[in-house]
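Across the two complexes that follow, chain A remains constant while its partner is chain B and subsequently chain C.
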Partner chain A sequence: MNLKWKRFGENSLFLSPSIILTAVLGVYPLIWMLRYMFYDYVGYGEPLFIGLENFRRVMRDGLFWESVGNTFIYAGGKLVITLPISLLLAVILNGKLRGGNLLRGIYFMPTIISTAVISVVFYTIFNSYNGMVNTALMKLNLVSQPVDWLGTKYAMFTLILVAVWGAVGNYMLLFLAGLQGIPQDLYESASIDGANAGRKFWNITLPMLAPVAQLVIMLAIIASLKGYESIMLITEGGPIGKTEVMYLYLYKLLFPVATGMPVEQQLGYGSAVGFVTAVIVGAITGLYFLLSRKMNKMY
Partner chain B sequence: MQKKWLGLGMSLILATVIAGCSGNDSNGNGASATNGPSEGTKATPTAEANKPPVTLKYWTDDRHDQEYINEMINKFNETNEDNIKVELTVMSENYAQSVDIAFSSNQAPDVLRLKGANTPVFFKKGYLEPIDGFLTDDIKAKFDKVILDGVNRFDDKVYSLANNGQTLRLVYNKDLFAKAGIENPPASLQEMVDAAKKITEAGKSEGVYGFALNFKNPKSAFDRSIREILSLSGHQGLGFDLKTGQFDFAPYSQVIEYFKQMYADGSILPGAESLDIDPLRAQFAAGKIGMYLSFSTEPGVYKDQFPTEINWGGALAPTIDGQIKGKSEIVSAGTWLGISAQSANKEAAWTFMQYMYGDEILKSYHEKGFGIAVVPAIVEQAANPDINGMEGFLVGEHDSIWPVAPTVTPEGANYADAFFKYVLAGGDLQAITTDLNARYNDALSKAVEKGEVSVTPNPAFDPTKPQG
Partner chain C sequence: MNEQVLSRRPERKGDKSTIGLDSGRAGRIVGRTVMWLFLLVTAALTVFPLLMTLSGSLKTGAEMMTGGSLLPAKMQFSNYAEAWRQANFARYTWNSAFISIIATIGSLLVASMAAYVVDRRQFPGKAIFVTTQASLMFISVGAIVLRPQFDLMVVLNLNTTLWGVILILISAHSSTFFLLLGFFKAIPRELDEAAMVDGSGFMRTFFLIVLPLLTPGLGVAGLFEFRHAWNQYILPLVFTMTNPELQPLTVGLANLRYGSSAAMQIHLMMAGACLSILPMLLVYILANKSFIQVTSGSVKG
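The block that comes next holds the complex of A and B.
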């Protein structure tokens, strides 16, 4: 009995820092948010209870639903390009490649560089008036006048490229970890049976990687739906809302950018938008888990 | 055993490092980026003997005048006879959030930099202490003309006093105008559209375009351009009709048509949709932009931040039809310093404020080009700043402070985003204007109902005499 209590005390002691931090920085604000979403509250004065009005406003808020649509385009584009490239790089680097470790480091580097730095660099590369891409294209006579990479037509495409560049190395590393867990005997047996590289990839690598891939894809989906930092820094959601994603929209409600005139925080409405946004992300993740449950039982 | 000692040793070193890094603040706050009084700064021995020492915290988000303000504070710390020491903290874009956090955790500064944009909000949040009790007859007389409701006076109580303001002008490259065969800066919007087109035609092969604005944030772009075009044309610049006390974006929509035309003509710098103000200035300084509109901070910017060889100047903004029917609005005027309602040293804070509002400091502030003086007594005695381009921004017969327009947050897109969408993507301008009027007036009536703003229509309002 004494040993049991001692163990319990030790465990509690070790867990207490993270429990306290989660409670203070995670649960406590969440409770406030859950309360404020039923109130009209701008950060000062007495919050006014308005029942479900904030949710009715979310339903009729065209800008929010546009941002939801943009989020799907952004997240979809990022995932469709990032995941195959990450997997391909992981498979290549999993082989006996000269300089493989160096390449792993290089591909992973964008993950550890600050988003602010990445955003400034990509703005310098893609801006229309003196960006490197346009300068190169014009010198090669491929275009006659600057392409507006951050304009209404191409801004989302450009931002997806930035996101892909930043994410490929990260998912590559996770896939690589999964690949290294596949027993080599399987490949050796397949080789004896005369299987070529394509067949081995299709019949061994992919099925054996499925449980890891399920987790990697889920992490990628959540990160893509929540990503907004580079968008905020490069286009601020513009032009005319073409790159406004839902977390950026939410951020602007809670931390408005005041230029020239005061803009009030919309804590009540922002809380409701935050709740709906979390439900959307949760629903998509849940749906993915439902649809991908077979991946966990592939071998 | 060895490991145990090693661990203990490391813990001690860590503790020492943490303690060393935490600094020593007389108020118990480890504030960073604080420019306290210079070393060796001491009040006079008599003062120290007579009065207990008081340390005041002064927070600002002004960076352009940091060196000068610091110098003035050091002088105050050395010379005041009340044993007061002021510590200056200069913040950046996170100023409003930092102030919020400071007030909610009872660590508020004693003196705050107040601007047109944050004063009404700080007042509503209860951060500010009225200063009426401190105002002597002399001070009242000096600032009388610039005590304004909704700017520095709320509910009949004064919370700040004026120092300087910003004028807004058309900033233009004289060489590019000359190259395109244009003699004068445009007086009407049609002339502006034509000039932008001519400059683009003459310089496009070299990457030169007629016009640009920082459209990455349409509100920032329009509030430094259309606001001024409208006030000179006889309309309030943010879409509010002072005569009816209602929002009416019809005049705004007139101006927008000309901006749309410049886009259609290809006269606007490519990529302006994602342009911030500083990259825009860098391009202007490089001689790639014919004209834009902005604040009187620009001469200082081209002196220090983006030194340029180009021949440029500031001129009055164009008006809708070329006729001046109103005064050009001086913005961010009427406020400078304020005292925190939470301050335990309000008397001392006022002593410092009184020092800062002295004639000498206000005069040099103007003469050094940190801002344009709006206090009549200072305007009379101060010399013009000796900064290239500043002559175009000085307060003249066409400039005035306007009554404040109510600030409301409507549902949906703000006016700048809605109109910029029209500029880029087209649509039904009449419908956009009607929708904006409906949403802004709805938000206004709700704000009035909640007691957040008060509106008094002034049918006799005359835009040529906005102060009556």
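The block that comes next holds the complex of A and C.
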């Protein structure tokens, strides 16, 4: 009995910091959100219970759904460019290549740099008037007029480029880890049977990589839907809401001061938007999971 | 793409005509060229913004304003001194270092203690604990959590110090917890049992025998935690909005864009960006292997 209490004491001592911090700063904020999404609450005064009114408002909120659409364009664009480049780099670097380690180090470098800092940098170098990208393009005679990289036409494209820049190295490394798990003798016996590089890629590399790729793509989808830091710093969602994504829209509801707009913070409505946003991300992740599992079975 | 696999194979002669061999070789040379072109262009695009930051940090304000050349006419190392002293970057750097170091140590301590008990012992509610940690890694409700967190810190009177930010960073220790859990599994249980038999207490066994063996795990988890804390932007932004003296590098740098003389300060912004990238870059160069090891490990399972 004594020993049992002693063990209980030891367990509690070691677990309590984690449990307390997780409960207070991890779980409580979620419960807070689940409560206030049913209230009309602007941060002061008495919160007013309004039932499902916030959700009705979300359904009618054109700006929010526009931001959802933009999120899909942003995330989709980022994934479509990032994943093939990452996979290609991984396949190349998986072979014994002179300077391979150095190249791997260079490609992975963006992942250690703060998104905020590099966004400030991109903000200046993509500046249409005196940015270095336009300076370089005009020096090379590729364009005759400065390109308005952050204007209505190209802003989303520029933001996707910034996101790709920061992500390629990370997914390259994850793919590389998957590739290193493929037994080399498969390639050797394929060679003996006379298979060429293309056939080996389609018939060995891709199917053998599938389980890892499934996980990597899921991580990539979640990360690309969640990212809004660089958008906040480069375009702030503009021009005219063209690059507003759902998490940035949510942020602006909660911290309007930060964006320089004299609007009231909307904690109740923000909670509902936060909940809907999390459900959207969860649904996409779940859908992908189901689809990719089906695909895996087909192989 | 897989030329390297091909080239390792000894060439088999005789089963192809001479013409076939020649076109095969020519094709391989073209393939190699395209491959290297792709590798080098990607590498160039990766370093381009960093080189532009470095170059910009050494230009004069006027040079940055007019665009002009890609390289500075004359290296303005004084930009760094100016950023450090006048633009308050000394303060920002100190704040960043303070947040990152304490949050790293804190998370490692909290996560390793929890992971040790979860790995070595049975206790009621263990499944709930582990499930909660796992789900917190995947639920993403965005900035909404910052509001109740901020209110809590006001109640605890921690909103005027950096401890609020630090506590929130430590509270998000799920990934560190699971990473360390994996490392604990590799340390044999017999070892701590033997130590206990020899009369070493629970705390003593953990801190003096098990933890030293966990050093590699703590090292890599610490690197990730440090990077995470150092690169944070939105969390410290919300907490230090009204308190410039508490801002870390990321927030201080981003705020330079709003200054009245923002346009004239781009060279200082670039110098500040270099200052904030440099420490992480040094850590990366020293610990490159560990970064790559852990990132890869996350999908190997």
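Definition applied: the second predicted complex is superposed on the first by the 264 of 299 C-alpha atoms of A that agree within 3 Å, B and C clash if a C-alpha of one lies under 4 Å from a C-alpha of the other, contacts with A are read in each partner's own complex, and residues count from 1 in each chain.
The rule is simple: contacts are C-beta pairs under 8 Å (C-beta built on N, C-alpha and C of every residue); 3 or more make two chains touch, one makes a residue touch a chain.
All values reported here derive from a predicted model rather than from experimental measurement.
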Judging by the criteria at the top, classify the pair chain B and chain C on chain A as clash or fit. clash
After the superposition on A, what does A:M59 contact: first (chain B), second (chain C), both or neither? neither
Quick one: classify A:F255 as touching chain B (first), chain C (second), both or neither. both
In the overlaid three-chain picture, which partner chain does A:N11 touch, first (chain B) or second (chain C), both, or neither? second
Classify the contacts of A:Y129 with the two partner chains as first (chain B alone), second (chain C alone), both, or neither. both
What is the contact status of A:S191 with respect to chain B (first) and chain C (second): first, second, both, or neither? second
Once chain A of both complexes is superposed, is A:G241 in touch with chain B (first), chain C (second), both, or neither? first
Does the superposition put A:L25 against chain B (first), chain C (second), both, or neither? second
With both structures placed on chain A, which of the two partners, chain B or chain C, ends up touching more residues of chain A? C
Starting from the residues of chain A touching chain B, keep only those that also touch chain C in the other complex, and list them. 123, 129-131, 255, 257-258
Chain B-facing residues of chain A, complex: 42-45, 48, 57, 61-63, 123, 127-131, 145-146, 148-152, 155, 234-236, 238-241, 255, 257-264, 266
Residues of chain A defined as touching chain C within the complex: 7-8, 10-11, 14-15, 17-19, 21-22, 24-30, 32-33, 85, 88-89, 91-92, 95-97, 103-125, 129-132, 134-136, 139, 165, 168-170, 173-174, 176-178, 180-181, 187, 191, 196-198, 200-201, 205, 212, 215-216, 222, 225-226, 228-229, 232-233, 246-247, 250-251, 254-255, 257-258, 267, 270-271, 274-275, 277-278, 281-282, 285
Chain C contacts chain A in the complex at 1-6, 8-9, 35, 38-39, 42-43, 45-47, 49-50, 52-53, 55-56, 64-70, 109-111, 113-114, 116-118, 121, 123, 129, 132-133, 136, 138-149, 152, 167-168, 170-173, 177, 202-203, 206, 227, 230-234, 237-238, 241, 249-251, 253-254, 256-257, 266, 269-270, 273, 276-277, 280-281, 283-284, 288, 291-292, 295-300
Which residues of chain B touch chain A once you look at their complex with the stated criterion? 96-97, 100, 117-118, 120-121, 124-126, 207, 215-220, 223-224, 227, 238, 269-271, 273-274, 279, 283, 288, 331, 407, 409, 411-413, 417, 420-421, 424-425, 450, 452
